[in-house]
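Each of the two complexes below includes subunit A, the first together with subunit B, the second together with subunit C.
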Partner chain A sequence: MSTRIKRRSGAYYRAMRRVRQIALGCVTALLLFYVLFPYYWAIVSSTKQGAQLYESVLLPALDFRHYKELFRDANFATSIFNSLCVAISTTALSLGLGTLAAYALGRLNFPERRSLLLTVLMISIFPQVVVLSGMFELIRWFGLYNRVWSLVFAYLIFTLPFTTWVLTSFIREFPRELEEAAIMDGCSHWRILTSILLPLMGPALVSTGLLAFILAWNEFLFALTFTLTEGSRTVPVAIGLLAGNSRYEYPFGPIMAASVTVTLPLIALVLFFQRKIVAGLTAGAVKG
Partner chain B sequence: MASVALRSVSKSFGHVPVINDVNLEIADGELVVFVGPSGCGKSTLLRLIAGLVPVGAGDVVIDGEVVTDIPASKRGIAFVFQSYALYPHMTIARNIGFALETLGLSRQEIDAKVAEVAVTLKIDHLLARRPRELSGGQRQRVAIGRALVRQPEVFLFDEPLSNLDSDLRMEMRMEIAKLHANLAATMIYVTHDQVEAMTLADRIVVLNKGCIEQIGTPQQLYHAPQNRFVAGFIGSPRMNFTAVSANVSGASCHLMGPGNLSLDVAITGPGVPAEIGVRPEALSIAAARQGKLTGTLERLEDLGHEHLAYVRIAPETAWSVRLPNSLARTALGTSIGLDWRFEDLFLFDKDGHRLDHSLSHERSAAANGALA
Partner chain C sequence: MKTRLERREHRSGLLFVAPLIAVLILVAGWPLARTLYFSLTDAYLDDSANHVLVGFSNFVEVAGDPVWWRAVRNTLIFTTISVAIETVLGLAIALLVHQAIPGRGLVRAAILVPWAMPVVVSTKIWEWMLNDQFGVVNRAIVGLGFADHGVAWTANGSLLLGVVIFIDVWMTTPFMVLLILAGLQILPEEIFEAAEVDGIPWWKRLWSITLPLLAPTIGVAVLFRVLDALRMFDLAYVLAGANVNAMTMSIYARDRLINNQELGVGSAASTMVFLLIAFVAIFIVGALRLDRSGATER
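The block that comes next holds the complex of A and B.
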C-alpha cells in the first residue's frame, strides 16, 4: 500500500516559486547593502569638505581635495611603502615556510606529527592582546623596536599557523599515486615539492597568500605598539594618528580619503586572483 | 632483463600485518599476475617490489641482486598506476619524458625517445596536449608510455585497466599481451579481474590475507586448486560448495549431505572430506531424484550466450548451474536433480585442503595437457 501524498495544484507551486525568488532577492539586496554601505559612505565622506560632512547626503560631493593633499604628504607615501614591504615579506615568508612545514606535516610520517599540528593550531587561537607584551619584549631583545621588520616578525605568529594548516590539508588530499609516480621517476623530496606539488598548489597558495597579505596589511595593534616614529609606521597606524589642522578639528575627510586609498590595492589583488581563488576552493572536488 | 625474487618478505602497517612471510620466484621474461580479494595485500606486495613501501622483514631480489635498501628509482623498475598518475600540469610529451629529465639526459635525446615510444603506442598526435584533454584509454597509453621510455627490466602494473570500460579494457589487455610478447620483459600485474588474470598470466599468484595460497599456471589453478580458497576464487560464477559428513572405511568413503547427497568416493591420500565442490559449468540438470543431488529450481538468468540456473539444495545453500540452453520457465519452483562427472568433483578436508580421489588424476592430466 502506498502512502497517500497531499498534492496541490500546479499554480500553487508556481506561485510559491515566485515568492521564494522574490524573498531571495530581498535578502541578497539587504546583505549587499550591509556589506557595501560602509565602504560607500567612506567614499562619499572622503569627497566632502568641512561642514558638508555633517549633512546626511547620500551622494558624493566629488571634491577630491583630500586625495590631492594625501598624495602630497610624504609621510603617507612612506607608510604605504612600509605597509607594502611588511605585507609582501610576511606573505612570502609565511608561504615559503608554510609550504615546507605543510609538506612535512601532510606527507612525511614521523611520530610527533599529530601533536605538532595541534600545537600549530593552538598558537593561532591566542588573542593578539595576550601575546602583545611578550612579543614587545622579544622585539626589544632582538633590537627590532621601531623598525618595519619587527612587524614582519610579529605577523608571522598569526599568518604562519593558518598558512601551514590550510596547506597541510591541501597536501593531504593530494593524490598519493602522483607522488609515487614522481618517486619512480627518480625525484627527490625537494624535486617532488618544486616540480610536482608547487605547480599544482597554485590556487591554494594564492588563496592563503591573499589572506596573509590582507591580515598583514590591515593589522593595527602590533603596528601601533612596535613602531614609534612616522618613518616606520604602516598605513593603518598612520591613518589612526592623522591629525587635523587644529586640535579641535577631527580630520574625518582626510581619514576617509586615506582609508579608501589603501583599500584599493586589496580590491585590485582580489579581483586579479579571483579565478585562481575559485579554482582553489573547488580543487579537491575535481578528479585529475 | 631480470628475474625477481621475494625472500621471506613481511610487512605490517602499525600493528596490522599486511604481508606474512611471502616467498616467490619470478623468472626472467615471465608475466605473473597477483590476484586476491580486496585487502589481501596484492597492491602492497607490488609496492614492496617497487620500493615505494619499505620492506618490514626479508629481502627483495632483482636480477640476483638484493635491492631491499636501494631506492625505487634505481631498481630498474617501471610502475603503471591504477589512476595513471599523470602530472596534470605537464604536456603528454613532458609526462613521458619526465624520468629522463630527472636522469639528466639532453633535450634531443629525450625528444627522440619520447617520439619513439609515442609512435609505438599510437599517441604521437597527442604529445602537445595535457592529460585532462585525453580520454581514459589514451591516458592509459600515456601511463604505459611513461613506463616504456625508461626501458626498465621489470614492469609493475597496479590494476591498470580497472578504470576503463569493458570494450577498452579488452583492447588494452591485448595491447599489454602484445607488449609482453615484443619486449620479453618481466612483468608483474595486479588485478582483481579474473579474465585478465587467466588470459594474460604465465603464472598466477593467489593471495589471501597477506599469504600466498597457490602459485600456478591458470590451468593448474582452475583444474587443480590446492585448497578451497583458490577453488572458490578462480572461476565465475564461483564453485559450488556444500558441507558433507563422511563415513570412512579403508580407502573408500561414503559422503552424506544436503539435497539427498549420498556418494561413494575412493580417497587416494590421507584426510577426511568435510566439504565437496563442483563448478557451475560441470553441472548438468537431471530429472528429480535421478542426479547426485536434488534441489528446488529457484531462479533463471538469461545472459544471451549462456544461462544460469540457481538450485536451492538446503535452506542456506543454493548452487549455480551454467547451461547452454534455458530451462522452461514452468520448471521454476519444481524439484530437479543435479548431476556431474566423477572427475569434476572436488573434495576438501575441514581445513580447506583439497583431497585427491581416485579420478582426480584425470583432471590433473587435463591441466597438464592444456599446458603442453
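The block that comes next holds the complex of A and C.
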C-alpha cells in the first residue's frame, strides 16, 4: 500500500497555490516596507515642527515651513545650482570623450586596445583617497581650489572610465554589418561614428549619462575636500555639514526637508528611466 | 606585413583614444605619481613645495600607529560582513522578484530608490530614525515591548560599526539585486522547467542548478562590491566623523592629510590603502579567474 503514489485532489493543489501566493505577497509587502519606509519617514518628518517631530506619529503633519525656509536660504539654492553645474558638465564631458574612446575600443583593431581597456577598468576601481594629495596640489596649481570647476575636473577620474567601459560594451552589441558598407566605400572612421553609430546610440547615451550624472551628483569625498566656503559647496556636502548649535538642537526637521528635496529629482529620474538605468548598470557588469 | 587598411585602423584607433588617455594621465596618472612621491617626503599641505625626501619613515610611522590598524580592522570587518549580507539578501530578493509576484513592476522600481539616494542623505535619514531618544526605530522597539528603553545606536561606540553595516546593506543591496536579476534573466528557462517536471524540490533546484549557473554573475557583483566597500568614506564619515569605532582606512588617510595637514604621512597612508586594495583585487580576480577582457575576446 505504501508504495502507491499518494494522489491529491485538485482542491489541495488550489489551496497550496493560494498559500504560496499569500506568503509571497507578505514577503513582498515586507520588502517594500524595508525599501521605502525610510524615505517615507523623511517626508513625514520634514513636515513636522518642534515637538511634533518627537512624537513619532506615522502620518505627515503637512506643515511646509521647513521647505519655505529652505528655499529662502540662499546658500542652499547656491549648492543646488553648484551640484547641477558640476553633474551636468561632468556627464557631458565624460559622454563625449567616452564615446570617442568607446568607438575605438569596441570597433577598431589596434594592439594597445586590450591593455587600455584593462587600464580603464583598473582606474575605475581606484580608491579616491589615493589621488587626493596629488589632485589637491594640481587643483591649487590651476587656481581651482574652492571653485566648483575643480570638481568637474576631479570627477572625471571616476565618470570617464565608467562611461568608456559601459559605452564600449554597448557599441559591441551593435551588428557590424551596419558599418561594413561604409568601410567598403572608404568612409572615414569619424564619419562612421557620427553618421552611422551615433544616431543609434541615443538609448545607450541616456543610460550611461544618467548613471554618470547620479555618480557625480552624489559624490562626497572630493566635494568635501576641494571646497571650503558655503558658496562653492555641492548638495551632499551642504547636507552633511548641516548641524545645529549643539548636540541637543540637532535640526532634523530642516535636514529631512533638504534630503527630500535633493532626492526627489533623482527618484523621479530613476523611476521614469527605470529600464534604461538597469540596462546601463548591467551592460558594464554582466555582458561586458 | 601590415596592409594599408590595418595601418589606417591603427592610426585612427590611437587618435580616437588620445583624448581619453590625455585626461586619464592628467586626473589619474599624475596625481597618483605625486601621491607616491609625497609619501616619501616630509611635506606639509600648507607649503607643499618645501620638503625633503625622508625615505620610508612615513610608512613606518603609519604602521606604528594603532589608530591606523584600528581603521584597517574596521574596514575589513565592514567589507566582509556587509558584502556577505548584501550577497545573500540580494540573491534572495532577486529570486523573489524573478517570480510572478503581485506588483512586480512596483517592486522593481521601488528597489531603485535606496540605490539612487545620495549616501549622505541615506545616512542622515537613518541617523534620524536611529536617534536614541526620538528615533522611530527605538519608539517601535519600546512600543512593541521588545525592550524597556531604547538602544543608543549611534552614541554607543561598540554598536557604531554595526550601524554602519546595517545602513550600507540598506543602500547597496539594490545594486546586488539588479546585477543578479540581470543574470537570472539570461539563464535558459528550459532547464528549470525540466527540473520542475522531474519533481526536483525547489531547494535542490536552487542549489544544483540556479547557483552554479549564476556563479559568474555573483562573482562579478561581489568583486565590485568588495572593492567599493574597501574604499568606503562617506557613510562612516557623515555618521561618526573621525570616531575610531567606525573609522575606515580612507577616513584615516584623509584625516592625516587634510585635518593634520601632514601631506607626507597622509600620502603614505593613501598608498597603503591603494596597495591593500590592489592586492585584494588581484586575489579575487585570480580566485574567480575572471579576466573580463579575455572573456569578451572569445
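Just so we're on the same page, the second predicted complex is superposed on the first by the 241 of 288 C-alpha atoms of A that agree within 3 Å, B and C clash if a C-alpha of one lies under 4 Å from a C-alpha of the other, contacts with A are read in each partner's own complex, and residues count from 1 in each chain.
Note that in this section a contact is a pair of C-beta atoms (placed from the backbone, for glycine too) under 8 Å apart; a residue touches a chain by one contact, two chains touch by 3 or more.
These figures come from a predicted structure and were not determined experimentally.
In the superposition on chain A, contact of A:Val27 is made with subunit C only, not with subunit B. Once the two complexes are overlaid on the shared chain, A:Leu228 sits clear of subunit B and of subunit C alike. Between subunit B and subunit C, C contacts the larger number of subunit A residues. Once chain A of one complex is fitted onto chain A of the other, the partner contacts of A:Ala15 are absent, as it touches neither subunit B nor subunit C. Contacts of A:Met184 after superposition on the shared chain: subunit B is touched, whereas subunit C is not.
After overlaying the two complexes on the shared chain, residue contacts for A:Met135 are found with subunit C alone; subunit B is out of touch. With the contact threshold set out at the top, residues 288 of subunit A are in contact with subunit B in one structure and with subunit C in the other.
If you check the complex, the residues on subunit C that touch subunit A are 6, 9-10, 12-17, 19-21, 23-24, 26-28, 30-35, 38, 45, 48, 93, 96, 99, 101-103, 106-122, 124-126, 128-129, 131, 133-134, 136, 139, 170, 174-175, 178-179, 182-183, 186, 217, 220-221, 224, 227, 230-231, 233-234, 237-238, 249-250, 253-254, 257-258, 263, 266-267, 270-271, 273-274, 277, 281, 292-293, 296-297. Of all residues in subunit A, those touching subunit B in their complex are 175, 177-178, 180-187, 191, 196, 199-200, 288.
By the touch rule above, subunit A contacts subunit C in their complex via residues 21, 24-25, 27-28, 31-32, 34-36, 38-39, 41-42, 45, 53-54, 56, 97-98, 100-101, 103-105, 108-114, 116-121, 123, 125-138, 153-154, 156-157, 160-161, 164, 169, 172, 188-189, 193, 214, 217-218, 220-221, 224-225, 235-237, 239-240, 252, 255-256, 259, 262-263, 266-267, 269-271, 274, 277-278, 281-282, 285-286, 288. Here subunit B touches subunit A in the complex through residues 47, 50, 52, 71-74, 77-79, 81-83, 85-89, 98-99, 102-103, 131-132, 146, going by the rule given at the top.
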